[in-house]
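So that you can tell them apart, the chains are marked A, B, C and D in the order they are listed, and the count of residues begins at 1 in each.
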Amino acid sequence: MKKMITTIVAEQAKIGENCWSIWLQAPGIADNVQPGQFVHVKLNQGEKLLPRPLSVSEADRERNALRLIYAVVGKGTKDLSRMKEGESLRILSPLGNGFEIDETASKSLIVGGGMGIPPLLELARRIPGKKEIYLGYSATPFLLEEFEKEDAQTHVSTDDGCYGYCGTVIERMNQDKALGDIIYSCGPRPMLKALSAWAKERKIPAQVSLEERMACGIGACLVCTCKIAMEKEDGWHHRRVCADGPVFWSREVVWND
Amino acid sequence: MKKMITTIVAEQAKIGENCWSIWLQAPGIADNVQPGQFVHVKLNQGEKLLPRPLSVSEADRERNALRLIYAVVGKGTKDLSRMKEGESLRILSPLGNGFEIDETASKSLIVGGGMGIPPLLELARRIPGKKEIYLGYSATPFLLEEFEKEDAQTHVSTDDGCYGYCGTVIERMNQDKALGDIIYSCGPRPMLKALSAWAKERKIPAQVSLEERMACGIGACLVCTCKIAMEKEDGWHHRRVCADGPVFWSREVVWND
Amino acid sequence: MTETVHKRPDLTVEMAGVTFKNPVMTASGTFGSGKEYGEYVDLNQLGAVVVKGVSLTPWKGNPTPRVAETYGGMLNAVGLQNPGVDAFIENDLPFLRQYDTRIIVNVSGKSIEEYCRVVEKLAVTEVDMLELNISCPNIKEGGITFGTDAKMAASVVKEAKKYASQPLMVKLSPNVTDITEIAKAVESEGADAVSLINTLLGMAIDIHHKKPLLGNIMGGLSGPAIKPVALRMVYQVCRTVNIPVVGMGGIISGEDAVEFILAGATGVAVGTANFMNPCATVEVLDGLESYMISQGFSSIEEVQEAMKI
Amino acid sequence: MTETVHKRPDLTVEMAGVTFKNPVMTASGTFGSGKEYGEYVDLNQLGAVVVKGVSLTPWKGNPTPRVAETYGGMLNAVGLQNPGVDAFIENDLPFLRQYDTRIIVNVSGKSIEEYCRVVEKLAVTEVDMLELNISCPNIKEGGITFGTDAKMAASVVKEAKKYASQPLMVKLSPNVTDITEIAKAVESEGADAVSLINTLLGMAIDIHHKKPLLGNIMGGLSGPAIKPVALRMVYQVCRTVNIPVVGMGGIISGEDAVEFILAGATGVAVGTANFMNPCATVEVLDGLESYMISQGFSSIEEVQEAMKI
């Protein structure tokens, strides 16, 4: 039987403007975590009932620890940022289906935007062969050091031009005439939508990791759906981001809304 | 303008079976506190909205600190017992009307039961002249050391006989043929009711401190009422324990319900 | 870069010809007659003080316990204890008149006749507005019956209007299948505004003593727990009637107040939050103003019209 | 001193001729068809699994966002997305049949005809009980209209009974003036049990984007915030009808379940709590049993009758 895991906060740090990193420790916690999977974090406040989904950014099997990287956007993430080393935190983990790694690709493109970047770190580590990483930030980058440790070229763009290329990650890819056999991507929906069109034009298969507000996190409540194309039934049906995703093939996602 | 005071927990200790003592510090906090007054303690948990009323057990003007003594009976007091030194806690203080000290009495009787005992400590200190203290506990006594420092005889009774006289505080008073010019009392309602009859028989005026569940704590919401006798209107009207009490003259309280 | 100069937004609102310096009011029954909270809040800062319900004769109210805490909310069963309208006019009104704030008196009754007599007595006083409470769940006769039946609601308003010299606001009950129907009924009989929601009828049980936590068995649920229901009803009513709406139910912050105004409310009232923090009303007001400044709103009306559906 | 030997209390309950090993069930729509939670909970331990609403044809449900958190509660507007009764019978039912627990299927429809067709299809399956959902606030046609009008409620029950081979439980809406009236109406047409409450209609607004937090504008409020309303309604209905009542609304602990049983409920269902903790159902069950042991209750019926008013 699975259950909520009680983890211990091993490290909490602010690693950028409104960007926090937390390491959670528990026996066996890092086993079988695939890049792109997420955990559901239960906060201990009476006012807030629902756990918060956060992607796994790194899984360290030796230390039995997971790293989550998050932005403080509301009450839940604010509370999380106040947690201190040694305190305990309950999570459901690992949840969802991670990226499907294509071991045969001769070159992979990894494309991330904003708070979609963290899960790509563990992914970048696990992808074999040649890879290029495109990271788009609104302002000051975070996690760059970690990405630069990987054996891959990392291209950075920022909306405000404070670092790297000034513009969107797609513009940067256009400028570089980026190409590859497969794309792995996570980021805000408008970016994923544009990337999806970009990939379609170039006939490159792309995996995108979607976000939707969640309740159960395990596929039972149907609140976290997205529209996925299918042959019958008006051309699409609702699928669950938590249990059928969060990673989908971009060509199957119905983007027009 | 008054407002909620942010206090710092200066000391938290378990001083008996399910009996806790907490010292709260804040500038000016101990000024003008009368024995029998209470503070309204705001817990910081979303689930629980209402502050919890707790009597002031000691007011230390030199250290700018108040002492509260409490039993853990539910979620609020449980949370309170988990607070650690240095943490902050918001309170409204001081609230209610304390005991009216009769400076002319030649002998005062101070009678407490259970969690009604704490407020009598500060009271005992402030009552001039001769005094006798009767304390009734269900089991192991607490605060005894503090009471014994006062210049007064302290008589203890316990329901289970584990300490002092075995029986109620009233039985103990009967045995001792206790007498005085005035009674100050705080404890569970059945005890106060019995004491009220006892005092009436002996024509001793008695002040009793009542408890009722509260919301505002300052007299505005009318949830904390008790029945007080009056000439007209069917012989009684509702008065607010928080703002008109918690201390009333026992002869005015309508006990029969 | 250009610097944005933030003008202080205009917070005044108008309802039925009465101007309020801002939309933030107190919810009846949670603020007494203002005296007690006057020690914690400068009453001059409030849009209005809505005082506790007054009736023709003194009411003793319900037996204790009258309060029980619930998850994110509270139940009360005060039962409209009050000293009667004469005592209110004599003892409480003069105190309030010292302040530069609007006074709204909440009126209770057990029959149409009683409502009318209270309204009549208040007609000759310096009160700015009346709030007809047809929705108290805590008294058996009157109150709730008027609030849950459109015909009864209409008739009490119709009669009370005859005696009122001040604008009449009607306080609606949420314990109904369709609140817009009641709102329409009272509007059609001349209500000048509606306020909502009163408390939701609820209950809590003491499992150790195996009896209800309230002396009156059931009571009215208030506080943040009920905010989604309150907001939904305010939204529905604002889209149904053409008279101003005062929204309340679980407002504890400026952001909460903004939600109600976006839903269409002209005024907002703060109730249970006062018990959590006696300065809640002014904190709600400050939060509302900050929001307006940060979003570039210059008037409450602009906020009311900003919702995108 | 004598030592008290605590016998394990008997937790079985009977409703409409069906025996349940204990009163703890899942609330429809919060537990899928059991598969997902089956990884966290031994389904054999539950009194019943009440599966999500099924309709005649597949329903796509509402646009996202479908969920918004509120103070002590949550709003959902799933809109009864489901693959249809045929797919349910084919794909989900065999899974559930592996377990030694009762299966209750929640039935949705947009017309009496649709309800009847679903009931008819389930009549020939190994399902223990049907729960007629006449109270979903998230779909415009059907659902809510049946649940808020006593006549409509009575007629859908009357027709559905003709096709049902299993006992029929009717799920009531709390968004009504008088829930006992609806309960009486469905009882008089042969409902074998009633379950309540479904969600309270509510709303939340995103003040930054100035639009509702839910794609469907309004949604159903559930979770501990609504417990006092749920408990009150269960108490009222238990005192009105003679058929068994399944109580739900905000149950997150064994103590909460006890409150509902003291109020008169025969069964209790756990909904939103599953999202807070996937093992909530069994924890509620354990808490209930501990309470009974500590208070010396030997059967659920004893608890049901223990309330002192």
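Observations on the model:
The rule is simple: a contact is a pair of C-beta atoms (placed from the backbone, for glycine too) under 8 Å apart; a residue touches a chain by one contact, two chains touch by 3 or more.
All values reported here derive from a predicted model rather than from experimental measurement.
In this assembly, B is the chain whose CA centroid lies farthest from the centroid of chain A.
Centroid to centroid, with C-alpha atoms defining each point, chain A and chain D lie 36 Å apart. Chain centres here are Cα means. That of chain A falls 46 Å from that of chain C. The mean-CA centres of chain C and chain D are about 34 angstrom from one another, to the nearest whole unit.
Annotation for chain C: residues touching 2 or more other chains are 71-73, 224. Residue positions of chain B touching 2 or more other chains, listed in rising order: 46-48. Taken together, the touching pairs cover every possible pairing of the chains. Interface of chain C with chain A (complex): residues 71-72, 224. Residues 1-4, 42, 46-51, 92, 212-226, 233-234, 237-238, 243, 257 of chain B touch chain C in their complex.
Interface of chain C with chain B (complex): residues 29-32, 36-37, 39-42, 52, 58, 60-61, 63-69, 71-74, 76, 78, 81, 223-224, 272, 274-279. Put simply, chain A touches chain B in their complex at residues 45-48. For chain C in complex with chain D, the residues that touch the partner chain are 70-73, 75, 148, 175-178, 200-205, 207, 209-212, 217-218, 221, 224-229, 231-232, 235, 250, 255, 258-259, 262-263, 291, 306-309.
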